[in-house]
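For reference, the structures are reproduced in the following blocks.
Below are two complexes that have chain A in common, paired first with chain B and then with chain C.
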Partner chain A sequence: MTTTTENSVDVYLERLHAQAKTRALYTVIFIGAIVFVITSGVIFSEEQNAGSLSRGLDQFWDFPTDLFSGAWAAGWDWFGLVGIYTPELFRTINLALFSTALGFICAVFLSLFASTNLISNGWVVSLTRRTLDVLRSFPELVIAIALLFLMGKGELPALIAIWLHTVGALGKLFSEAVENCDMKPVEGLQSAGAGWWQRVRFGVLPQVLPLFFSYGILRLEINVRASTILGFVGAGGIGEALKTNISWSYEPDIMAIMALLVITITTLDYLSTYVRNKLIGGIQL
Partner chain B sequence: MSSSISTITDKTVECNLDASRYRRILVTVVAVVVGYLAFSVWMFDLPSVARKWSPERATMFMLDTYAHKDVVLMEWDRAGDIDVYFEAKIYEYERDPVWFSRSNADIGSRVEIENGSYFVLKGNTVELHGWPGLEAPLIFGRYADGRPRILGYENRRDALPDWIRWTENKIEVRPDLYTRLQVFGRKAEIHRYSLGWKYFWFDFSSPLADVSFFDAIGLMFSSDRVDPNQSNASLVLNEIWYNEIWFHMEIMVAMLETLLMALLGTFFAALFGLPLAFLAAQNITPFEAVRFSLRRLFDLLRGIDMLIWSLIFLRAFGPGLFTGAFAIAFTDTGTLGKLMSEAIENADSKQQEGIRSTGAQKSLQHRFGILPQIMPIFISQTLYYFESNVRGAVIIGAMGAGGIGLQFLGAMQTGSDFENVAYMAILVLLMVIFIDKMSARLRRVLIGLV
Partner chain C sequence: MLEVKNLVKRFGTNLALNDVSFSTDRAEVIGVIGRSGAGKSTLLRTINRLNKATSGEVLVDGRDVLTLKGNEKLRWQKDCAMIFQQFNLVNRLDVITNVILGSLNTQPPLKAMLKLFSDEDRAFALQLLDRFGMIDTALQRAETLSGGQQQRVAICRAMMQQPTIILADEPIASLDPLNARLVMEALHRINREENILVVCNLHTLDTARNYCDRVIGMRTGEVVFDGPSSDLTDEMAREIYGAEADEAFEPGVTSTSLGRTPMLAEA
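== the complex of A and B ==
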């Protein structure tokens, strides 16, 4: 009896040692790979002459210092600058809000057709899903640049780009939510003679709408960032103002815009977390 | 009996009251939303899409992504000297292509186009022969004052087919998508589109310019050297790598740069994020001040968008790897730090207590009591952020940080090399899909979940 126990302990110990060895090996390989990537990255970058690490580290604080000293030198006028760029900020936010709203509405309808538990026709489901995949796989920036080229500068190309991407991104999440919802209410409605739309309206939507809205709010937050970025390529708003000021090196203005953006993004972050917690009761997405 | 009926009625009334209140709120909300949407449709001038959208430009754009054009250029003043170019004067053919037969100004040089029709370039005229639906050849020439005209149609422009547009200084002839003739006062240009990406493997200056890809592969293993100083294999690879039309080298280097940006950025974010997360977690760090300041630091790092970080670092490091990597590292240290500190606080304390009961010191308690619990979350989140950072690196790259994003934006904004744009777009999409698949697989191998 005792011998077998000893034996099995030995066996386990041996296994443990073997595992520890494999693990150590993996760790060494992993660290080696990381070190290799970092050194080769640094060497590669120096070779490309695309900015040197050591020179860059020396100048690391130059720009932030310039920004703060510029804003300091502007004194009280700096707050006036903040006021000047606020309307631009609202244009950017409004662009994001409107495109998110349009994308949300389209995504709700498309997601119903991409859910196997609501649509029995396989062709419709896979066609809708592929459409959503295509819409999602192109980043807003790519669609926006193409549309800006075709339609000229303005907010409209950016609006369409964010809209299309939002439909793709939200549509997939929505259809997953619909597919995971409880089908019992739907069956109950069906047994009472409810039609397809009535089953969706009273059986599915009440279950998934809170989740839909929380996804939508998260998307709004992402889209505010996206519409700022699209401003850089000619969609107007605060992104364009930031780009202009950076190319002119107007430090106080850059500082004002950055401050506005940081405040907006942080506020949105907190707001969306709060609203989402209210909506879905703290369920982690 | 009567009392029970009255109760039911009372309940119904109550329900109705509730429903009407609910309905009022719903109607108000819907009205506000619809009002906002209507206002925004008007403000963004959504109906103007139809007006701004030029199908012609879109068609050209699409055509240019999958086809290339050859240009035949004749200047009226020196009509004997006709030039044949690849694309927009990138390269002048040294030998005439097979569809072009050169002759003197009297007989005229011939440009064959599809379905058996052809252009003839004579000293003073350009003629289009044999296009289906044309009874007689169209003859393009000039008035005495140099403005372009179509002979015989001067006073009956309505009789022209609808694919010809005749304005004061220019005649634009586009019988189909792949053929175009432009007649100006100074010159006449024929654009001849053909399918495919020409010179994709070897550019025109290469000794292998006219060799197809598969022939080149065959050539790599043949012993007759094309260039006596170099083996065929290295010649072929060199010529592909240094292609001057498709810039394979530049694009691959830029892709690598973008990938490294995401990799280094995410790695450093993980490296700094995890220890800071421990310091910011309530069940690890007893000092309120440390926790509070770390949380505000995470908020600051996260709240400043990756784009803004990249603009700040752009001044210090210039466009390139470090700008992108630092921007990603700063943003994601904030995100990962916040996320992981929450995960640590939610970790089960029983395991830690178990380790403590063996008399282990604090650091060992954390190492064996908490770290194993949060490791799966940490790995999967880091991989998710790596995926999204590859996309992010393309975007901040386009905003100035370098890499494939910048190349892409550059090619897009010059507006002439749409085949290069399409090529890069395909490469970026493939890269993103590949990274997604790899990271999903890695997640499965490392932590056994998707």
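== the complex of A and C ==
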């Protein structure tokens, strides 16, 4: 009796060793691949670029120094500039808010159809996933430039660009959250005769909505930056003002706009923490 | 060996433990019974330091473990293994790793973070699994096991800690009668073979009578009965359970006795 138990302990020890060896091998291959990609990438770009990686390092502080000295020279008037650019900032934030909200709603719906635990039809799942992939694969900037060319300058092309990218990015994250949720409550509802939409509404959404909001608010932050950048290519808002001032080297104005942006992102961060705690703690979802 | 002195735990205005005192100087099996909300779980969680006590002492070999800090506190938690109603295994790790996790407190920190465990640890974990009839599941993920199997893995994890005390918080409340019996027998065996003190929260009377040397009855945070399980008369039990008495006498619910016809409610 004791010999057989000793044997089975040995057998499993043996198996553990074999398992550890395969895992170690995979780890080494994986790390090796990463090191190879990074080093070859650096070497390749060193060869392609005329200069070296470290070139221009001594000029790094020139621009910031100009900015600060310019703003300093403007004196108290600088604070007036901050007031002048605030309406532009609101245009940019509005654009981000609207496109994020629109993208959030579309992403929630699409993510349900991209989750294998909710949809058993493999074709529907992979079609939805590929759609999300396509939406996600084009940067906002690319879509916006194309649309601005077609539709002319304005906020609508930027809105569509951010909206489409947001659907792709959030839809992917949302469907992963849905696939990781606990299916036991859903099974409980199914056993009670609840339909598909009802199961999603009461079995899945209460579990995943807090996470959805977290991702959504993070996306809003990203989209404020994105809509600023789109201003550079003609979508209006504070980005356009920034571009104009940079090309004309109006240092105090550049500093004012950058200060506004930093304040906005910081405020958004505080606000999102507050809203998220309120949502997760208090509301019955 | 273990002495609980005037232990008080307050949650807001609610008094979960009201001046609880008891002591033991030998490794026995102590069953703690009482209705839900009587403070049984709070008592075990406070002894293990998962909860902070409001006041009172828990003396182990003359040392108050409630005042320990830092590594000493962690070391005490290693010495006093805990078993939970919902098993609390790491579902996504395999069974053998789950068992070895019981020895985290004594593992070299960096090696443990990289999941590098010694062959002695692995062999010890496998022997434990073998002892409780679970070795064939060693390489499976914990979430693939049934409740009874998971609880036995949890017992192996507790044994991996090489504890002096095992605290079991309703270990059989989510198990079927056969598995409940296997788990209670395992705890009993550990007590007898390894001389480990077992304190076990229980829901049903017959389990307490069958497996415990001594029973502590709790009611609204107070100890209302403390004595050998043979002294636990039906009248005494009625006093402990109050209005819920009939439920506790119902042997069909999460009981460890097999083959009895369940009592049917009157229409």
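Everything below uses one rule, namely that the second predicted complex is superposed on the first by the 205 of 285 C-alpha atoms of A that agree within 3 Å, B and C clash if a C-alpha of one lies under 4 Å from a C-alpha of the other, contacts with A are read in each partner's own complex, and residues count from 1 in each chain.
We take it that a residue touches a chain if its C-beta (ideal position, glycine included) is under 8 Å from a C-beta of that chain, and two chains touch if they have at least 3 such contacts.
Since the structure is predicted, the reported quantities are computational estimates derived from the model, not experimental observations.
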| item | value |
| --- | --- |
| Touched partner set for A:98, first chain B, second chain C, both or neither | first |
| First (chain B), second (chain C), both or neither touched by A:19 | second |
| Chain B versus chain C as contact partner of A:8, first or second or both or neither | second |
| Which superposed partner A:159 touches (first chain B, second chain C, both, neither) | first |
| Chain touching more of chain A, residue-wise (chain B, chain C) | B |
| First (chain B), second (chain C), both or neither touched by A:38 | first |
| Shared contact residues on chain A - chain B and chain C | none |
| Residue numbers on chain A that touch chain C, as the complex places them | 5, 8-9, 12-13, 15-16, 19 |
| Chain A-touching residues of chain C, taken from the complex the two chains share | 96, 119, 122-123, 126-127, 130, 135, 138-139 |
| Chain B-facing residues of chain A, complex | 34, 37-38, 41, 44-45, 48, 50-53, 56-57, 59-60, 62-64, 94-95, 98, 101-102, 137-139, 141-142, 145-146, 149-152, 154-156, 159-160, 225, 228-229, 232-233, 242, 246, 258, 261-262, 265-266, 269 |
| Contact footprint of chain A on chain B as seen in their complex | 33, 36-37, 40, 43-46, 48-49, 52-54, 57-58, 61, 253, 256-257, 260, 263-264, 267, 299-300, 302-305, 307-308, 311-313, 315-323, 325, 391, 394-395, 398-399, 402, 408-409, 412-413, 415, 425, 429, 432-433 |
